[in-house]
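Listed below are the structures to be examined.
Each of the next two complexes has chain A plus one other chain: chain B in the first, chain C in the second.
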Partner chain A sequence: MGFRAATFHHFATLDELARGESPVHRLDPRAKVVATLLFVGTVASFSRHQVAALAPFALFPASLAALGGVPATFILRRLVAVLPFVLCLAALNPFLERAPMAVWGGLEVSAGWVAFASILLRFALTVGAAVVLVATTGMDGVTRALERLGAPAAFTRQLAFLHRYAFVLGEEAFRIHRARTLRAFGRRTSPAEFASLASQVLVRAWDRARRVHVAMLSRGFDGRFPERQSLAWRGTDTVFLAGWTLFFAAARAFDLAAAAGHLIPGVRP
Partner chain B sequence: MHMSDALVSPAVGGAFWAASGWALARSARTVSRDAPDGGVPLTGVLGAFIFAIQMVTFAIPGTGSSGHLGGGLLLALLLGPEGAFLTLASVLVVQALFFADGGLLALGCNLFNMGFIPAFVALPLAGNRRTPGILAAAVASALLGAAAVAFETRLSGITQLPLGAFLLALLPIHLVIGLVEGLATAAVLRFLHKARPELRTPGTRGWRPAALVGLLALVTAGGLSVVASRNPDGLEWAIARVAGREPAPPPDPAHLAAARLQASAPLPDYALKGREPGRAQTSLAGLAGGALTLALVAGAAFALRAFRKAA
Partner chain C sequence: MSGPILEVSGLAYAYPDGTRALRGLDFALVPGECVALVGANGAGKSTLLQHLNGTLLPLEGRVAVDGHIIAPATLSAVRRAVGMVFQDPDDQLFMPTVYEDVAFGPRNLGLPETEVDARVMGALDQVDALPLAAKPPYRLSAGEKRRAALATVLALEPALLVLDEPTSGLDPRGRRHLIELLGAFPHTRLIATHDVDLVLELCPRTLVLHEGQLMADGPTLSIFRDEALLATCRLEKPLSMQGCPVCAAKRDTPWSARHL
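Showing the complex of A and B:
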């Protein structure tokens, strides 16, 4: 029986980053959520044979990460962790589209390799933006933003609860895992053992939920969490959202990278 | 299997966002009606349980590899379809946000594949909740989920992997995943009934409208993809044949690229022959510009970081 401790660690680090203090942290969560969704939608709308035109979009996650104090190594580690599936699919493209499409530095490049590069670039952009959003907003902020943007209250409550208890039950699962490891002398967990251990965690979780529910009801819980402070939309939020929207529109409509390329002496056609 | 934003087109992502959002709103309404005081602790804590138990891995007998419980079907059996979908949706949202496991645009697809399918489509197959029924439901859930991944990816058109090859790669492994998931789910459920016989699991209901929405999402995604696709595709060919003339591709880079691809296609007369002069330089300028842009972005990021440290 293994325990994916790295996953747990990442979870805790994100929460820690989200508790930080920076101009990006101070923005209204709604502005950040909407801007990130616009970003992801715009990046996904490019055709799969566009690579360089996507480059200007790196400005969004990079500048927010820099201003929000999100370490680049933290984002890179996450990128590597979730890369395999996308890499497998993207790596097939060079075999499927062999027709030459572009010439890069004297080498003929097939359409498949162009698509390969495009997929990896959009992967890095979209994953980076999602990581930066949570690292500067926190689950609490995202949950409240979603609620104010119209998500059902039953769902946002569920999100808040899940986030709160994922740590508690994660630690419980880890304790059970450690207890077993100490007694198993290196033997691997059989499915039957796993089922028994998982059921123990489940029964405890169920009992805990019942206790929590009774405690909440006895304190007058009526299905809504009291807010510590309500969200306040300020001028900077409008400027932030409008500015990035304009930038995304401009980078979508004009190939800014090609324009930049023409400025370099020697590659002008 | 979580889909990433890198492989999803806005049309497919949007259609599945709409379908999953509808299912989510409907589930939230049902759950709120059944438990007006919020009933949240149970679903919330069970969501956290799924989360925690996914971190624990076990050895799959006869192989060197290890597996972990997905938990979708287990939740559906414990909470009923609506409660399970709400809970699975929250788990998937946290996975997308915290772990970048599955993208934000792809979230609708992932909610559909890993929440909607086990909760609404596969659950009725579990029948009387004995082991064979649970196994059937788990296998159906895994296979349908994998097929949906292949279908949505192909429909998005970002990769060119043919649907058949994709299915062939995904389905056998998901048959095994489904069997393991079914066995683990049945074992956990058996244990739970022994340890806490008073915990009754709710019945199933209302899968027909759900199946309808699923179908609707697929059709919408397909339709939108055809409309949104800027590459000449089968439909345009068919239209051209019917209309008796070839549609003139608009002269933008994507079309020129597509046209160039078709020069080596089985129907070479339906293509722009030859090459545009200056094309190589243009793409070199684009590439150099891309590199320059990335360097500028990196420089800006460093400057911002220094500014932040100084402030």
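Showing the complex of A and C:
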């Protein structure tokens, strides 16, 4: 039951954190979603060989996590889960760009390794911010905010249903897998078998989607989701969003890390 | 006295692959009745249920709910009148929280938010599920899910409640709780189930479906005493009507009725 326990745990903790109480939780979901989108956009806009200039951006996810009561280990575990995909993307850089570019701690570093570090850092910042957003807002809050900000309903609905049924479908896939394992006696899955298992999962997901749709029609669904209770935008939300926007703009325009280094006597970046 | 809540006449249906699932059914439910629909696997129960809210439309014959003959033009009125509780509550609970889910139907009706709130709280209260309001569906136990699914339908104040296997997958206490809740509802109820002991407790009248035909429609007790009928339709007597395995005493009257 490892699979089931792990999936359940993932959703459970994310959910529990989202139901918590903190100044960050009390912010309007729209403020947090927009700030996070700006954050991701700004971090992504840096050129591929910048590393040190990205450092000040860690302030955003770190301060929200601290104020919102999201444990660092919780974020780290999510980062590790996504890490393999990012490594695949970044791994080629050190081989492609061998020209020396910088000197870090007395070591000469090639442009490829600088790009590698930059990609990893940007990944940690953006994914970290997304995890903190969901952990302090809840998937429900995020989809509602996106809806109200004018994101296409087809997209927000897809996101909400994914969150609702990922666990159900994951468990179904696990049950199919377990049924196979119990009679496989250690023999590995052949490609043909895998295709058949995967199609089983697909067909069952399809079938469930049809039943859910019938259940929705049975309760008067006509293609539009009814308006839910309104969100309340307050002064603190404006201050929050304006403050972070200014910070992102400043950190993008000036190298704050270098500036801080100049301000503190004796420290040179 | 108003007419029947549900009227099925000459209903026949065959699936596109040629399987003749229903072969001419006739029956009616009067207001307030609690009727059981029993039959072996493949007897046509699910196909019949799908006709009751227009998920399937009859090939022959007709189905009328609360005075509306089911047809594409009447679907929204019919779906307002029929509260369908599905076998798998995961299919029925698709919103982020139980509250949102129960509110889904009333909001689709365009009710004002105060009325929606009153309906949601009323429905949750009816199934003893008020403490579940803020929970997401995947954090509920099977019994809680079942009651929440029931509330989503009750909030629409349906004229007819249709329940598909309401006790499957419940532990004995959860099953008992649900039977008590269902017994107390004022709605006209049609319960499709293999749980024949539940039938004996809740439904004075039973419909027996076999190979797409209605084999019997009558008082539950006399149907479960008809050994020949039960054998033909691949059904068994409720446990409470069977001989006691410990003292070997024969009986064909349930406990409750023997002491009347």
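The criterion applied here is as follows: the second predicted complex is superposed on the first by the 203 of 269 C-alpha atoms of A that agree within 3 Å, B and C clash if a C-alpha of one lies under 4 Å from a C-alpha of the other, contacts with A are read in each partner's own complex, and residues count from 1 in each chain.
Convention: a residue touches a chain if its C-beta (ideal position, glycine included) is under 8 Å from a C-beta of that chain, and two chains touch if they have at least 3 such contacts.
Note that the coordinates shown come from a computational prediction; the quantities given were computed from them, not determined experimentally.
Of the two partner chains, neither chain B nor chain C is touched by A:250.
In the superposition on chain A, contact of A:65 is made with chain B only, not with chain C. In the superposed pair of complexes, A:221 makes contact with chain B and with chain C alike. Of the two partners chain B and chain C, it is B that touches the larger number of chain A residues. Shared-chain residue A:80: touches no atom of chain B or chain C. Applying the stated contact rule after C-alpha superposition, one finds that A:184 touches neither chain B nor chain C. Residue contacts after overlaying the shared chain place A:126 against chain B, while chain C stays out of touching range.
When the two complexes are overlaid on their common chain A, residue A:139 makes contact with chain B and with chain C alike.
Residue overlap on chain A between its contacts with chain B in one complex and with chain C in the other: 8, 11, 139, 160-161, 163-165, 168, 208, 212, 216-217, 221-222.
Within the complex, the chain C residues that touch chain A are 53, 55, 76, 79-80, 82, 84, 86, 88, 90-92, 94-97, 100, 103-105, 107-110, 113, 134, 136-139, 152-153, 156. Of all residues in chain B, only 1-2, 4-10, 13, 24-25, 28-29, 31-32, 36-49, 51-53, 55-61, 66, 69, 86-87, 89-91, 93-94, 96-101, 103-105, 153, 157-162, 180, 183-184, 187-188, 190-192, 195-196, 199, 230-231, 253-254, 257, 260-261, 263-264, 278-294, 296-298, 300-305, 307-308 touch chain A in the complex they form. Touching chain C in their complex are the following residues of chain A: 8, 11-12, 15, 19, 138-140, 160-161, 163-165, 167-168, 208, 211-212, 214-222, 226-229.
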